[in-house]
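In what follows, subunit A forms one complex with subunit B and a second complex with subunit C.
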Partner chain A sequence: MSAVLTPRTDSPEAPAAPVDTTSAWSRWANEHRKWLFAAPAMAFVAVLIIFPVAWTGYLSLTDAEGSVRAESEFIGFQNYLDVLTDTDRFWPAVWRTVLFTGVVLFFEVVLGMAIALLLWRPFRGEKWVRVAILLPLVATPVAVGMMWRLIFDPNIGMANQLLGWIGIGPQPWLAGQHSALPTTMFIDIWQWTPMVVLILLAGLTSLSDEPQEAARIDGASSWQRFRHVTLPLLMPTVIVAILLRGIDALKTFDILYATKGRGGGSFHEVETLNVYAYGLSFDYNDYGVSSTVLIIFFLIIIGVMWALTYRKKGLGR
Partner chain B sequence: MRRRSIIGTSLAVVAAMSLTACGGDGGGEGSKTVRVTLVNHVWTENIKKVLPEFEKQSGLKVEVTQLGEDQLSDQYNVKLNAGSDDLDVMMYRPLQEGKLFGKNKYLADLSEKVKSDSAFEFGDFQAGPVQATTYEDKVVGLPIITEQEVLYYRKDLLTKSGFTAPPKTLDELKAQAAKIEADNPGVAGFVARTGKAAAVTQFSSFLFSFGGDFVDASGKATVNTEQAKQAYAYYGGLLKDHGPENISTDMSWSEAMAIFTQGKAAFYTEANSLYKNATDPTKSKVVDSVGFAAFPAGPAGSKPYNIPSWALGVNDSSENKDNAWKFIQWAAGKEQALAQQTAGVPGARASVWANPAGTASYPKDLAEANTVSTANGVGHDRPLVVKVAQAREIVGQPIVDTITGKDAASSADTANAAFQKFLDDEAK
Partner chain C sequence: MKPSKPYRVFRNSALVVVVFALMAPLLWMIAASFKTNVDIYDTAKAFVFSPSLKNYETVLQQANYLEFIGNSLWVAFAATTLSLLLGVPAAYSMSRFSMKKSALVVLMARVIPGVSLLVPWYYVFSNLKMVGGFTVLILSHMFVSLPLIVYIMMGYFDGLPAELEEAALVDGLTHIGAFRRITLPLSVAGVATAGILSFIFSWNNFMFALVLSGSDTKTLPVAIFDFVGYASIDWGGLMAAATVVTLPIMLIALFVQKYVVSGLTAGATKG
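Here is the complex of A and B:
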């Protein structure tokens, strides 16, 4: 094996016999070193990412249903036409996905920023507070979903009991047709704000003190210092937080599925694109249509990613 | 030139990876290990306890994978779609997945095997369940659990409100539920499944008892007949008017059962096979006061469903079919069927019902209710189609609509149109 790693500039006095048998291979390996070392990773990407996406793309052009091993017909873009004109399930799901992502992102970034600023300066008991804030982050989303489902149970849940003590009547929470989506948003915000805190805190810690001091000497108020000094300097980090969290929020599945089950509830109250696509393949066995929805979803995510990175570059200039 | 070598290398690595993957042990032709996938159920708990017995007598090793109902479905979907051979014996729902699996040829043909063994006594299985596990004249599964819908009720609450007997008709049920709810603040008169798809099976007995069905003899959708509209209005209305406060429209049996066993409801219609949840002191607060009665009669009489809820089949891609059959031979055999029945799981063999020992352990009123249901029962509890999950969502819509206060009749009309379109698509 060491022969493979022998540099090409090796002295010609090297033992003759072993070189003879390995030289062709070793020369070849040397010439293609970067490809050789990258090969496992490339194979991994090919097998686990490119192939599935390509296969999904192919399925989306067929009428595959029941079993993917069954015969299916190539039907061109018929599925895309059907899905994009479906105002019953598809477009409401798109709207819910956008609404869910927009709302949770807004609150997570605003709350995350506020908490990060609070934690920025050292204080007594800081360590404990940080641990407490990070706790939701380390819990499994499905477990979190189950926990909140119990808390928000309209009949035997704790939330309504607490409300009862302060004289407010029981609320339907997850059970309500209109309150279910906001309730799942709340759960998502509860769970993922700590991640935003973590990212922003890292960004804040790396900022140098000088601009702050300069602003202070110039008589800027603390709000002015935040608005005109801290925030612009922190912007690249904020964009990263939005990017990471935004893509994740678009793809949220576990919390929604754990709290409302298949189809996002009986009225599809929390059915986002991801939940919809899952139902299409696992409940309806409509693999063609499901693949179509997933490909469209994939394109949406790529679009959002592109828009955000483009904005980030614009800010960098 | 350079590009070609990249592809060559990647292919070599992929090939190496897949070859290593094949090297795993277990399974394979004639392997001594039988891989059995079972659902979370009292039946499964019982069978696990006696597995060592089977392993000793057969010399085989049984590997059990146990999953919840939904996870089980998903697992089958993924593995059977991939043509995986690492499932040998599969516990499945004949009415939910039977047609789909049959159509996709996922289940091995067991016709020869069941007939070749006289001690297995295939003729002992009830005709209805056998029909559900037969696809295109081939036996593809053996029914192990049957289910009938019964009325669960609270004896103490009935007595307190002055009723001496559980309701015999649906009208009486409504009246008693209303009175008990008025007499006991915080207790609902009635609870049942409310989830759009989950409720369909338990709603079916109401539908049949009002004289309706999902589909008529000619295969047309019939969920907007006068009878069906009345059934939707009754079931949804009862839950809306006398159900728990802030009622969720996502409840399956576990949520509805929890409300009943926490003492928060007087009446509950559910499958009898789940009765242990209400009589087991570790799960229920109403052990001493729970009673069982036959499904109340509607305008068309008392017509609960009587269905084979679970069966055992063999994966057609399995390379260990003979040993898989040995497991089924034992687990669905006469001896185990009687043991299960005695332990509270209603079986599909006629002999266990005829045997007094088979019903001795049941609460007396439940055994009586079971007898009535088995006699009058209807053999299905959901539309018998290939894409059952989708059909359930369609015919379940009027249930949730009615619970949330919408008009049952107009919702049933909409659902019927959608259901007819679904049936037409499936017939294509």
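Here is the complex of A and C:
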């Protein structure tokens, strides 16, 4: 920052301003610092994010497929018509996406809340519990998928061995046509409940003790205190947790691909919208249709987000 | 008030269950990485086996993992550094000038499905013959890192009182000087938080590298699939590979636990 230290010599008509010791460039930079600071990041976002999303929108109106150098034709909304009437792959994928997100969110929030309440007040050994909470969360999702693949292997996995000890027969887990999706949900819940715990714990720690204390003096039971004091005060944080986890759950890809491979398995049993769009793009090179799926998927995400933030504002009042 | 004894007994046993449920699978993975494939298939040797380093030999020597570790480190380091250079000043501007709409645009990147970027990127960069190179891979990881850093740093700058900068202005510093000499040194913890989180997310990222990396630039999460064949899986090698990918990032996270937690929960309590 040598400019700051350079004595100003270029304007003799302002000798009364010894504070202003800046060069012309530095003055310009200071006046325009708002955009100077923001512009590089905004340019990155515009060129590498907004432009591709716009292009995805354009591709969804063409019949682009095959090589990336191939010619494509503008076909209007034909892809949208095809996709929205596709009850073979598209609608089942929508249903699986909704089901997956709904189920994992429910369990992650309920379990997350329970664990956060357990951890709320200080206790001995807290440090070690926090370590256990953090580790699944930072583990590489693909590796987590592989880890569970071994545990859930129908022949050599620990899961069936444990069931055997309590007298239950072996289950197909990830290999079963109907059990694969619930098993992947379980893996997602294992990995991401800790995230909800951390967020809710941060919320709980920031609450003041007085409403709790007042309710206790008024003779409220611990359930009543939770239901009518803690939960309403914590609600904005709960919504943030749902919002952050919900967006990621809708877009789940890594553990589904790691456990079931391309197309969500041979019967597409775990094929969500994200997995479907990925397969259309990079296994079938059907860029036009995949762009259509992506635009619809994107609209669904925006819709869910909008609904949740709307609700959050309503609760803030 | 001290919790009652029955509650403490209940809480402690519940926490033991939670810790066991979270840790056991990870320990199982690490244990399996020290077993030979024969031992993995033998359920009688689930807990008692003679540990072997053979899987790690396979992973580090035959499967070329040292190179993939290098690739992962370089991509995560470069994407994080570049995102910090772009993101920290941008977050400062957006925080101080309340640029709500610009902030929203950057944060939208957290919402957009990654595949919808990959398709146009693949189009453009394969025509430029850049797919498979480090440049595209690093840029794609910035798509995750930059919004994350802007999000965390905006919250951090919002929490720093503007009075400190005003005092610096009175003392003769320029606005940019005040940012460099006052605000930035006070934000070291925030920058560390953002940088660590960005590194973890980039290290763990799978989908971008799956499409955009080539044989020379393959990162660890993609390299794991080398152990999954069409006919059979080399379970021992796979678990060793999974451990090699996960253990470093878990150890880093333990050392900087405070930052990781504050980054993951950033913005959660603003209401």
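The definition used in the following text is that the second predicted complex is superposed on the first by the 284 of 317 C-alpha atoms of A that agree within 3 Å, B and C clash if a C-alpha of one lies under 4 Å from a C-alpha of the other, contacts with A are read in each partner's own complex, and residues count from 1 in each chain.
The rule is short, and it goes like this: contacts are C-beta pairs under 8 Å (C-beta built on N, C-alpha and C of every residue); 3 or more make two chains touch, one makes a residue touch a chain.
These figures come from a predicted structure and were not determined experimentally.
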| item | value |
| --- | --- |
| Side-by-side fit of subunit B and subunit C on subunit A, or clash | clash |
| Which of subunit B and subunit C A:P154 touches, first, second, both or neither | first |
| Touching partner for A:I50 - first (subunit B), second (subunit C), both, neither | second |
| Contacts of A:V68 with subunit B and subunit C, given as first, second, both or neither | both |
| Subunit B versus subunit C as contact partner of A:V98, first or second or both or neither | neither |
| Which superposed partner A:D283 touches (first subunit B, second subunit C, both, neither) | first |
| Partner chain in contact with A:L137 - subunit B first, subunit C second, else both or neither | second |
| First (subunit B), second (subunit C), both or neither touched by A:P172 | first |
| Touched partner set for A:G265, first subunit B, second subunit C, both or neither | first |
| Dominant contact partner of subunit A by residue count, subunit C or subunit B | C |
| Touching partner for A:P40 - first (subunit B), second (subunit C), both, neither | both |
| Stretch in clash, subunit B with subunit C, out of 80-88, 152-160 or 386-394 | 80-88 |
| Residues of subunit A that lie at the interface with subunit B and also at the interface with subunit C | 35-36, 40, 42, 68-69, 156, 281-282 |
| Interfacial residue positions of subunit B with respect to subunit A in the complex | 2, 5-6, 9-10, 13-14, 17, 70, 73-74, 77, 80-81, 83, 100, 103-104, 106, 194-197, 244-250, 252, 258-259, 262, 264, 386-387, 389-390, 393, 396, 400, 404 |
| Residues of subunit A defined as touching subunit C within the complex | 1, 3-4, 19, 21-22, 26, 29-30, 33-38, 40-42, 44-45, 48-53, 55-56, 59, 68-69, 115, 118-119, 121, 123, 125, 128-144, 146-151, 156, 158, 161, 190, 194-195, 198-199, 201-203, 206, 216, 236-237, 240-241, 244, 247, 251, 253-254, 257-258, 274, 277-278, 281-282, 287, 290-291, 294-295, 297-298, 301-302, 305, 316 |
| Interfacial residue positions of subunit C with respect to subunit A in the complex | 1, 3, 8, 11-12, 14-15, 18-19, 21-23, 25-26, 28-29, 32, 40-41, 43, 46, 85-87, 89-90, 92-94, 96-97, 99, 102, 105-106, 108-123, 126-127, 139, 142-143, 146, 150, 172-177, 179-181, 200, 203-204, 206-207, 210-211, 220-221, 224, 228, 233, 235, 238-239, 241-243, 245-246, 249-250, 253-254, 257, 260-261, 264-265, 267-269, 271 |
| Residues on subunit A engaged by subunit B in the complex (per definition of touch) | 28, 32, 35-36, 39-40, 42-43, 46-47, 66-70, 154-156, 160, 170-172, 174-177, 260-263, 265-267, 281-285 |
